[in-house]
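Naming follows writing order (A, B, C and D), and every chain is counted from residue 1.
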Amino acid sequence: MPQPKLISLAAAVDRFTQNGVQYASGAALPIGSDAIVLGRELLRQGRNQLHAIFHCNSQQLNLLAGAGAVDKAECGFSGLEVFGFANGLRRAVETGATQLEDYSNLAMAIRLFGGAMNWPFVPATVNIGSDIQYRSAFSPEEYPATSKIPMITDPFSGRQLGAFQSLQPEVAAIHVSMADPLGNAIMLGTEWSRFELSRAAKKVILVADEIVHTDCMRQFPNLVRIPDIVVDAVVYWPFAAWPQSSPGLYDVDEDHMRSMNKALATEETTQQYLKDYVFSYQSHRDYLGMIGNETREKITQTETSFLMDPYRKWILSADEIAKLVLEGER
Amino acid sequence: MNSHKLEYTRQEMMAIATGRELRDGELAIFGVGLSMLAGYFAQEHHAPNIRAMTEGGVYGAIPVGGLPWGIECNRISANATSFTNGVDALGFLVASGRCDVGIIGAAQVDKFGNVNTTGIWDGEIGEHYRAPKTRLTGAGGANDIACGAGRVLIMVAHEPKRFAEKVTYISSPGYLDGGNTRECYGFVGGGPSAIITTLGILRPNPDTKEFQLDAYYPFSNIEEIQSNTGWELKVCPRVHVVPEPTVDELKALRKVDETGALRKQ
Amino acid sequence: MPQPKLISLAAAVDRFTQNGVQYASGAALPIGSDAIVLGRELLRQGRNQLHAIFHCNSQQLNLLAGAGAVDKAECGFSGLEVFGFANGLRRAVETGATQLEDYSNLAMAIRLFGGAMNWPFVPATVNIGSDIQYRSAFSPEEYPATSKIPMITDPFSGRQLGAFQSLQPEVAAIHVSMADPLGNAIMLGTEWSRFELSRAAKKVILVADEIVHTDCMRQFPNLVRIPDIVVDAVVYWPFAAWPQSSPGLYDVDEDHMRSMNKALATEETTQQYLKDYVFSYQSHRDYLGMIGNETREKITQTETSFLMDPYRKWILSADEIAKLVLEGER
Amino acid sequence: MNSHKLEYTRQEMMAIATGRELRDGELAIFGVGLSMLAGYFAQEHHAPNIRAMTEGGVYGAIPVGGLPWGIECNRISANATSFTNGVDALGFLVASGRCDVGIIGAAQVDKFGNVNTTGIWDGEIGEHYRAPKTRLTGAGGANDIACGAGRVLIMVAHEPKRFAEKVTYISSPGYLDGGNTRECYGFVGGGPSAIITTLGILRPNPDTKEFQLDAYYPFSNIEEIQSNTGWELKVCPRVHVVPEPTVDELKALRKVDETGALRKQ
């Protein structure tokens, strides 16, 4: 029988991260699922010199980089989709504060696949022939770079293709719609690369919008793509992806997406953002207050909410969860 | 050419011209924004059996409530028949060569259809990599689409700074140095079949792979396009005018673009 | 809008297979999910010289090989788990009628993964160093074989590892618990390698125990691991995996597992089995009669039936399905 | 040694001895049959927090209704918390090195712990591969476990024909030719830590990797074991008697083995 793994957000960051850690977040979708609140907590606890491994940039990486906490980053996409360029990350890259190593979105996913398999490399039929292969932010002096995505030979046909280095991040924070106290998790919406990341990472923290009873997992085992056996800790934090969306639970907070990104454009306004939206809350209740009742009401009126219907009866109350957290932190 | 009273915007013309390139039944991948509007316009108008997908593995969905904010945005997650993941969508279906067509955007495109979405540098990057003056979005899934999709449509606003003799950084490969240079990499995808802009349509010369002006719009002309292109743009012998959007096309497009993103100039 | 793809079992075999075809079946679990009834139909239509690609042997491969229809086979496991050795396959291999190329179970799954990615090869950290690498039934003269699982060098570390050839079967029959008429499918129980197979194969036939309305898929899109866009045909056939099991629907038919395997031990009794259980039925109704009411009642009393509960309200009736099949075959 | 009145069968002793090798909290993979009984016995008896998995990606399950017929059998699918797939279970969790321990069976095992489950030939196979006289089950997932699991326990009935100087065909690698020959292949798994039989327990010499007799059962003895072993079996200096099953152990085992598979001789 696996043991409950519920701990507080603060405890998760305290236990599983340190300065300079290779930190991966998932889904790392620029608008959708991402363990954004864990990034806020990294800043609250003063973590820095991070090596960020994000499938794509999200408001989390944008914030962490904008706050100067990211020395190195690897990702496939560094924007915010319809919300434009990611000003915090952009500023960090342009000033040289963050070295950003470019890959494509598929590359990041299969590098995590390779890490999960514990393969030293993964075949690359994409990214070759472009400057993603020939330019390396981590080895800037090499041009054309041959060590970032070296060429290899298919032993069957003699054909040339590339090789990606696998990724095994030291710690991953993975946002999920629901987890049970043991660490079984259900994701609604695209997984992006969370399945692979949950196996590739050396330590896995789930950040869940809802905690459900394990009976829910037994009813829907095929939905449990992250089983407890690969999970180290579960953090309960409703609206964990805010201002991004969580399918079935809440939509993107359009206004905050814009104001946050605007704030991250300068050092000064970033400091104000940190003050207002990172260092400002002491509890989850404060956090919800910070988002605001009206906004929460608006974003929870999502067209996707029917996706949660089959699982609602297993949702645990905040009180039940608080008790389990107390046990988990003992 | 007469001054033309636009009853549609240049962006709408571009989206419709792009949508016309899509055929019924094709497996197609759209990025967020313009590319999605062009794709869903085609599905609404003339390609009802198009099989649309996103980079994140959203299948069978039709966006609700306006242009999705992103590829996992709830606006595209409300009525999907399947959600999988990036390895599946970009790997199994796109990089594998199974996807017939992809639509990508560009900050900068060159005469061989190579796309830069990574950054703007002051001059060449040089021997040592250095941070761009202006960091853009990176390759995202566009590189995977450019390598794997059967054909690629590039949508881009037609401005001189965006049309370079050679892009500073190749984020997504077109025909690289032209001719058969793309073939060295064994890409399963055929490369860009058209660059569709706010002023016209460019297509590659079959041998040199240099993009040439294939068609202009009722409201644009050859000279205007050449003067907005950063290389000496050749003109196809069969250059022609793109038919105006029909009433049905505009109706279909505006149904998809219900928030009017393309009507903003 | 995708189109309905429901066709009859006979039409599926007629349209998508021919003698000598590379035929993959999934899940190809020895006791669980497998599109066994499609194998029966292959024999009914006289298909032979098959190149069978099975993750593991199942009663289907056992039957096809025992009936002499399989020239070549590749699989990871050639037994029947607790039911012992697979007598039909065994006899075919021992007499030389079937060349059986051995891999491990992981090897088969990642070779399909490689086929789905359209990679020419897949890194191999297993099967190397054993006779799976050094002995090849398809190239018997090579010893130690170097072309079956050649060694390659990791370009990052210089470490040696192996390479598997990817698989892209010409046609795959995939057993699923439920499909909708468009070809979206839900699998209950382990997927084994059905997800990868559905992308790797050039043509995909789903064989479904139940047909459900597409609304079911929209309620549970994360369960739809095989989307319609990769599917060519859907065949409705309750008890399609019999005598094996289908989680949520029916248990293994222990008696028939044993008697079938016993029959496949000799040429003579195999002919009798074919007469009784392959050429004997003209319709699905006949097929159900052949299994027998009592047996069907017994095996549907499965401890797993609660797994089907969330989906029952979307199950289409046989009449509704028959109408769709008529449309699909036009 | 006195004639010993068995209140448990040899198979039960073997299963209990195997189960004793498992430690609480470990990630463990069991094959179908004996190996599953040994594993679930350990969970029932002394390792409640063992994280059991199957090759097909069944997690969190406890079999119901008796010994499962197979790894996706409904008897093990009735109360799982997660179902995934073969790539995940055998790849991400086993071949990767994340799995602490695996239990596999053998038709034939040799003095370096190499396992044959592929076939029985009349004599050597020879230079050209040829079909076996008796085809067995092939490697299944055991090769993947043998390459990747932290350590491997081999369960096998102790009969001379099963214990060969050298197996005819290596389906799943042990220490290959002994010494450090296994290291040439870079396997992340540590190799077999014990061969547990119906007569006793063999463990590898740390240097030569040759399996030696480490312990015998209350009902067996060194000579009996040696005479049932197809190579000249060395005896560890610290050879000892395996403690008899306790009442609690037998109770736990028989709860797991509710259909009595292990009580059949």
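Here, a contact is a pair of C-beta atoms (placed from the backbone, for glycine too) under 8 Å apart; a residue touches a chain by one contact, two chains touch by 3 or more.
Because the structure is predicted, anything quoted here is derived from the model rather than measured.
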Comparison of B-C and A-B (more C-beta pairs in contact): A-B
Longest centre-to-centre distance from subunit D, chain (CA-based): B
Cα-centroid distance, subunit A relative to subunit B, in whole angstrom: 29
Centre-of-Cα separation between subunit D and subunit A, whole angstrom: 40
Between subunit D and subunit B, distance of the C-alpha-averaged centres to the nearest whole Å: 57
Sites on subunit D at which at least two other chains make contact: 77, 83-84, 91, 95, 188
Per-residue multi-chain contacts in subunit C, two or more chains: 110, 117-118, 125, 159, 161, 188-189, 191, 195-196, 221-222, 307
Each pair of chains that touches, named by its two labels: A-B, A-C, A-D, B-C, C-D
Residues of subunit C that touch subunit B when the two form their complex: 1-3, 116-118, 180, 182, 184, 195-196, 199, 214, 217-218, 221-222, 224-230
List of subunit A residues in touch with subunit B within their complex: 27, 29-33, 55-57, 75-83, 85, 89-90, 93-96, 100, 102-110, 113, 125-132, 135-137, 139-141, 143, 145, 159-161, 188-196, 245, 247, 251-252, 254, 257, 302-304, 307
Residue ranges of subunit A in contact with subunit C within the complex: 110, 114, 117-123, 125, 147, 150-157, 159, 161, 163, 165, 186-189, 191, 219-223, 306-307, 309-310
Partner subunit C, residues of subunit D touching it in the complex: 32-33, 54-58, 64-65, 67-75, 77-78, 83-87, 89-91, 94-95, 114, 118, 125, 127-144, 147-148, 169-173, 176, 182, 184-188
Sites on subunit B touched by subunit C in the complex: 27, 48-49, 51, 53, 59-60, 77, 79-84, 88, 91-93, 95-98, 188
